[in-house]
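After this come two complexes, each holding chain A, first together with chain B and then together with chain C.
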Partner chain A sequence: MKSVEKKRRKLRICIVGLFFVFFFSVIGIKAIYLQAFCPWLNDRALEEREKSLIFRGKRGTIYDANGREMAVTSADVESITAHPRHIKDPRATAQALSRALQIDAKTLNVKLESGKSFIWVKRQVGPRKSRTVKDLRLKGVGFISEHSRFYPSGTLAAQVLGFTGVDDRGLEGIEFYYDNWLKGSDHKLTVLKDGFDRKFDTEENTDMSYSGKNLILTIDKTIQFITESALEEAVTDFSAKSGMAVVMEPDSGAVLALAHAPVFNPNSFGKFDRDLWRNKAVTDPFEPGSTMKIFSAAGAIEFGGCTPDTIFFCENGAYQIGEDVVHDSQPYGWMSLGKIIKYSSNIGSVKVSEMIGPQLLYKTLRDFGFGEKTRIDCPGETAGTLSFYRRWSKIDAGTISFGQGISVSAIQLITATSAIANGGMLMKPYIVQAITNSNGQPVESFGPRKIRRVVSAETAEAVRQMMKSVVEKGGTGEKAALKGYSACGKTGTAQKIDGKGQYAKGKYVASFIGFAPAEKPRVVILAVLDEPQKNHYGGTVATPVFRKIAYETLNYMNVPPRHEKKKLTASVAGDQLPMIVATVNGSLSMDHGE
Partner chain B sequence: MKAHYKSDKIPQPPIAGSIQPGYDVSLLFPVLFLVGIGIVMVYSASSAVAAKKFESSYYFLKKQALFSMSGIVVLVLCRHFPLKLLRSFTYPLLVLAFLLLAALHITDLGISVGGAVRWLRLGSFSFQPSELTRLSLIVYLAYSLSKKQDRLENFYVGFLPHVLVLSVFATMILLQPDFGSVVILGIITWIMMFVGGVRISHLLTSLLVLIPVGCLFLISADYRMQRIASFWDPWQHAANGGYQAVHSLMAFGTGGIWGVGIGKGYQKLFYLPEPHTDFIFSVIGEEFGLIGVLIILGLYALILIKGIRIAMDTEDPFASLLAMGLTAAIGIQVCINMGVTLALLPTKGLTLPFLSYGGTSLLMNMASVGILMNISVNSGQLSADNGQLSVNSYQSSVKLPVTSEQ
Partner chain C sequence: MKISELKTIGIWIILMLIFITQLLFYTWCRVQCVQVGYEISKETDKHRKLITLQNNLKIEFARLKSPKRISKIAKYQLGLTTPTQKQMVIIHEIR
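Let's look at the complex of A and B:
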């Protein structure tokens, strides 16, 4: 009996044992199958923990001409992301996030319930808020550190620099124009993530080779500051609607300062009117008015055989052309070309243009670069309007010669004037002088580029002399005269066109274009004020801007001032004496010519 | 018959005793090896989780090391605990298991984790009554089946009482709820009834009744149906139901043949929900590869072979059934846990004996091994009480190594 039971037990134990043999075999076979024949499982695992983290290299820095930072990128912000598939309770998560970040819970809830693998909850959140969200310890909510663009000088040169959007892409200004250089390259970093989608065990995103390139501008922060201060003061003093001022180095075409008023802060561009974002000196054409007379005069000397002493009859203040009458602010009789410029006679200018004819006037203006883009490295440049001379009516030829019926951009105007200041060579204006890599080594540099010779050196010199007289006593720009430096210039007062194509009453653009020192111009300065209220004459409104910018900039650039002889010994140290004497001599000899 | 039995059996113990001084090395070695690997793997698998939850990556390592020490003590105690006494403790053990299970629900000592009450708070430790229940039930079945072995053919004697006891415990454990433990208890009961000599027709017919009941049970709850669906095609449900299975499979696949190296696995980093308990085998698969997996499987096979050998070689029916029950319990846990990690079975939270983190589980399994060793060497003691003649020489031969151990 016992034996039977024992035998039965042994048999049944064997059967149970066989079951285990079977199950262990199945387990072993499945393990062998998975681990020896399923390499795709590893691919899946890699895909899951490595994908979807694309890093963008750090955006390049923008420096001024002296290596001072104007736009920098720092990595102190984080963006909050979510992985809806890992969120068990989207509603609670949405509510917690909306409370912490002050965003709409409903929209977020919809996004969280979308079943997408990845969404942005909020981009570029400051350290404090991201800390708050981290403390909530929400499952499926992640953080990505991101770069944020910062403009250390705030509003300074805002319209030139532009700004970047939340995706680290340039949206305006230099940031937009040079975006391909500045932006860091995208690269997939093999970032490993754990089950909570947090990355771990990866080198931080510091690889410089993915960083964007740096820009070195021709803009000098100090000159920019001088320019903006002077411009803002005038805009305030004369209650102008807006204003702009440009400083250019005439020999190279490098833009040293480019100012607009009112300003905006690129660090918080969204809070400002979009209208302020534009670099209007490049993008917006305006009718320049009398500043154009210097180019008509240059054409007359170059092509019409005139000299500054050639005389024209100025019709005693009123000159009928067809149905239109051109007026001067004061009646003049016979006047030399020099005096026409000095006193800014419109009728004189018309006579000059009649003498050289529309074809040559057109050629002269085209040669100076009007009616075509300067190709300065700023976005949205306008070509202005200069219609073909065969389409001019008789009055057009006349008014264009004194700057009405033609529109130009500030950058065109200052570039053309630079050609006069530098002896007749039209230069290509530029604002970025070099591109460097993240180690500071230059990868590209942009020097002065000649476009064409517009007028001979003699013609340019003759025009300069005429412009110098403008700043002297009795000239329309006498208020632009500088203490210690000789200067040349030309005023401009243009009536604005209203919406219907008519000249609007009481709406003017007052401007002054000039350069200094007269003998060897170092800076060309253009100041334009739009709709000044208290006075509309360029000679009154825009000259102080020129004077301040020129004086302070030349001082800053260590251009030795011309001292009157009696002050010389008193204020200047001995070792600087010979150079100054030379300058004094030069200017004295020029003074004799007047 | 008796003579044959004597001559067959008597020479064995002294030989076994001389080779294995009191402790069956062929059983002890794989167990200690697994416990050792367990400590290392619990640390590897849990350090990231521990660092996040407890701000110390050693949290689970320290506790598991402590459990292992206690486990060895328990093993030694059970190895020397008189089997006779154990048999007489059958009903007190059953009552204790019943009271502890009841305590989960009627006292405030129950710890609720994720909606399930499975642990009792005992001072600074927690205890899992269902683990003790398993041991108690095995002892009871061994006792009852061996006592009634002449009448087991009778449905009311051999089948019904055991199934009734099982259903009492099953109901209480389902209340926690812990479906996985109930399945294990059921399988153990059936195996022990089968080995004990209950009629196969009773066992199979009852199974035929249970299958439709089980199907109804599955259909009755939506989440169970979903679980089955995600078991069928885990990749289709990788985002929710199949998440654990998919990541476990990825762990094995990533491990390949040689593994990624200890501590270098990825799936334990919050991809696998319980890397140091339910899915420690996946972590081993990833870090030690197929080689590691087969070694672990081999160690369990050694334990099972040894356990089954003990059950077969033991004359005493109680000891034999007890050995079979304890061995089967370990084997079933291994099969279910590995089956789950390899996506052969639907996901169920069950630990891997000796390897997984968990105090109660480790202590109970070590106790099982201690009892198995006890049976392997001392089953003669019981035979003596049963009035068998082989006692004296057997006893003395066994005592020698035990004393020599000191």
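Let's look at the complex of A and C:
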């Protein structure tokens, strides 16, 4: 009996054992099958667990010459996206989003019904709107964190800097020209998510290595502000249509300031007229008028054997060339070359050009860089117009010598004048002095570059002396004289050409180009006012701009004024001691330095 | 029960204990790993937020340093002006 029971028990155990073996084998085989022969299951599991996000590195910062931020990238502005395939009720979603974001519901509805896998609902929305949409908890609506560009100084140097679009791509100015350097690179980041959609074990975010490069400009924020303020004041005072002013370091060709009036705010560029976006000092040519006489005079001294004392007969105010008559504002008889520049005689200038001939005048102007691009690092540069001398008529040779029948850009004019200021060397103008990586280490640097010697140092000095007389009593630019500093300059007043190619009545371009101090120029300044209404002479309209910019800039640059009083002498321990400029009479000077 | 049988049971119990301990240890490690993963994500987020805050403060600082704003304060609040030539005394050092 016992052995039968024992046998039955063993049989039961065997059956149960076989049962378990069978089922565990089935489970095991299925597990091996799923693991080894169903790779799509693995992909599906990874798809649910891992999320790959595309990130764009931060756009590089633009600094001024002293390392002060001019354009920065602020992080984490949210953009709202939608995945139409996951939206069950597009109409209701469109209405809810349109209410929250103040966008057209119909247009959005069309987009949501398109069946696309991804659409942008609104790019770069404010935090409040983003929160409102999040609170709606709409299915198929997502949020992407993006970078946005910010210009902390607002309108300052807006035309130089330009701006970027919503895709973080440069659209104008330096932002456009150096876009390949500034833009960050795209990188893929894998994020692991759990069943509650919480992130864990995220890859190390090395955003720095994907950031764009930084730019260090030659522009000095303070000089830029001085220049913009002076220009704006003159544009308002003389009811001018617009104006531009450029400040350049003559020895290097570095642009210290490049101002336009009116300005626009690159933080909200869409609200301003497109015409204001352009860097007109580089892109727009204009007839320079009498400022060109200094280059004609330089040619006469360099190639024509003239000296500032060589005399010319100025025909008592009217000089016939073929069918045309050239006039002076006042009748002059015999005048030296120096006086022709001082009083800005058109006839005298024509006589000078006749003496050196069209070929040498053309050569001089081409050598100074007119009729070709300066290759400044700004987009859309114009070459201006200077036709070949063999195509000139008799009157052309005369008028070109005093700045009519030729067009130049502001940057060409100031670069050429810098060559006179620095002793005859034409320098390449530049606006970016270095490119650095995200750690601030230099990647590339741009220094002064000589293009060619235009005139000898002696000729440049002779022209400088003549330009100095312009700013002295009786000269056309006497209002540009600075208290405490010697200055050189030349006025220009040019009638504008209308759409028909005729000179327009009452429309002028008033300009002044000069540099200071005369002995060792530190800054060259050009001021141009377009269509001033109250007065149109460069000597009245543009000289105050030069005077204000020059005085405040030299003060800021710690260039001491000439002093009639006895100098105080201080003895301080130490080998290297900078010169100290103190103020008296209870007034304080602003320290603009860093 | 024989001693040899007890010995066998004892060995089995020890083996099972080792196995279970190893299993528990492995599970604990995995849980810790996931937990640390969460903490890293949390700290990374915190770090990112702090960097954003620092960046925003830098931007605000740059905005406050704007020459236009400083000039306005200097001119209208503090009554400062650019010194004239007469107000400047140049002090040269003796070398």
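The criterion applied here is as follows: the second predicted complex is superposed on the first by the 499 of 594 C-alpha atoms of A that agree within 3 Å, B and C clash if a C-alpha of one lies under 4 Å from a C-alpha of the other, contacts with A are read in each partner's own complex, and residues count from 1 in each chain.
Convention: contacts are C-beta pairs under 8 Å (C-beta built on N, C-alpha and C of every residue); 3 or more make two chains touch, one makes a residue touch a chain.
Keep in mind the model is a prediction, meaning the values are calculated, not measured.
With both structures placed on the common chain, the touch criterion links A:241 to neither chain B nor chain C. By the document's definition of touching, of the two partners only chain B reaches A:44; chain C does not. Of the two partner chains placed by superposition, only chain B is touched by A:30; chain C is not. By the touch criterion defined above, A:428 reaches neither chain B nor chain C.
Of the two partner chains, chain B is the only one touched by A:5; chain C is not. The contact surfaces that chain B and chain C form on chain A in the two complexes overlap at residues 192, 200. By the touch rule above, chain A contacts chain B in their complex via residues 1-3, 5-6, 8-10, 12-17, 20, 23-24, 26-28, 30-32, 34-36, 38-42, 44-46, 48-49, 85, 192, 194-196, 200. The residues of chain B lying in touch with chain A in their complex are 1, 48, 149-150, 191, 194-197, 239, 247, 249-257, 266-267, 269-272, 285, 289-290, 293-294, 297, 300-301, 304-305, 308, 311-312, 315, 317, 320-321, 324, 328, 331, 335, 338-339, 342, 344. Put simply, chain C touches chain A in their complex at residues 34, 37-38, 40-41, 44-45, 48, 51-52, 55-56, 58-59, 62-63, 65-68, 71, 74, 80-94. Per the touch definition, chain A reaches chain C in the complex via residues 68-69, 72, 74-76, 150, 152-154, 156, 192, 198-202, 205, 221-222, 224-225, 229, 483-484, 551-552, 555, 560-563, 565, 567-572, 577, 579-585, 587-590.
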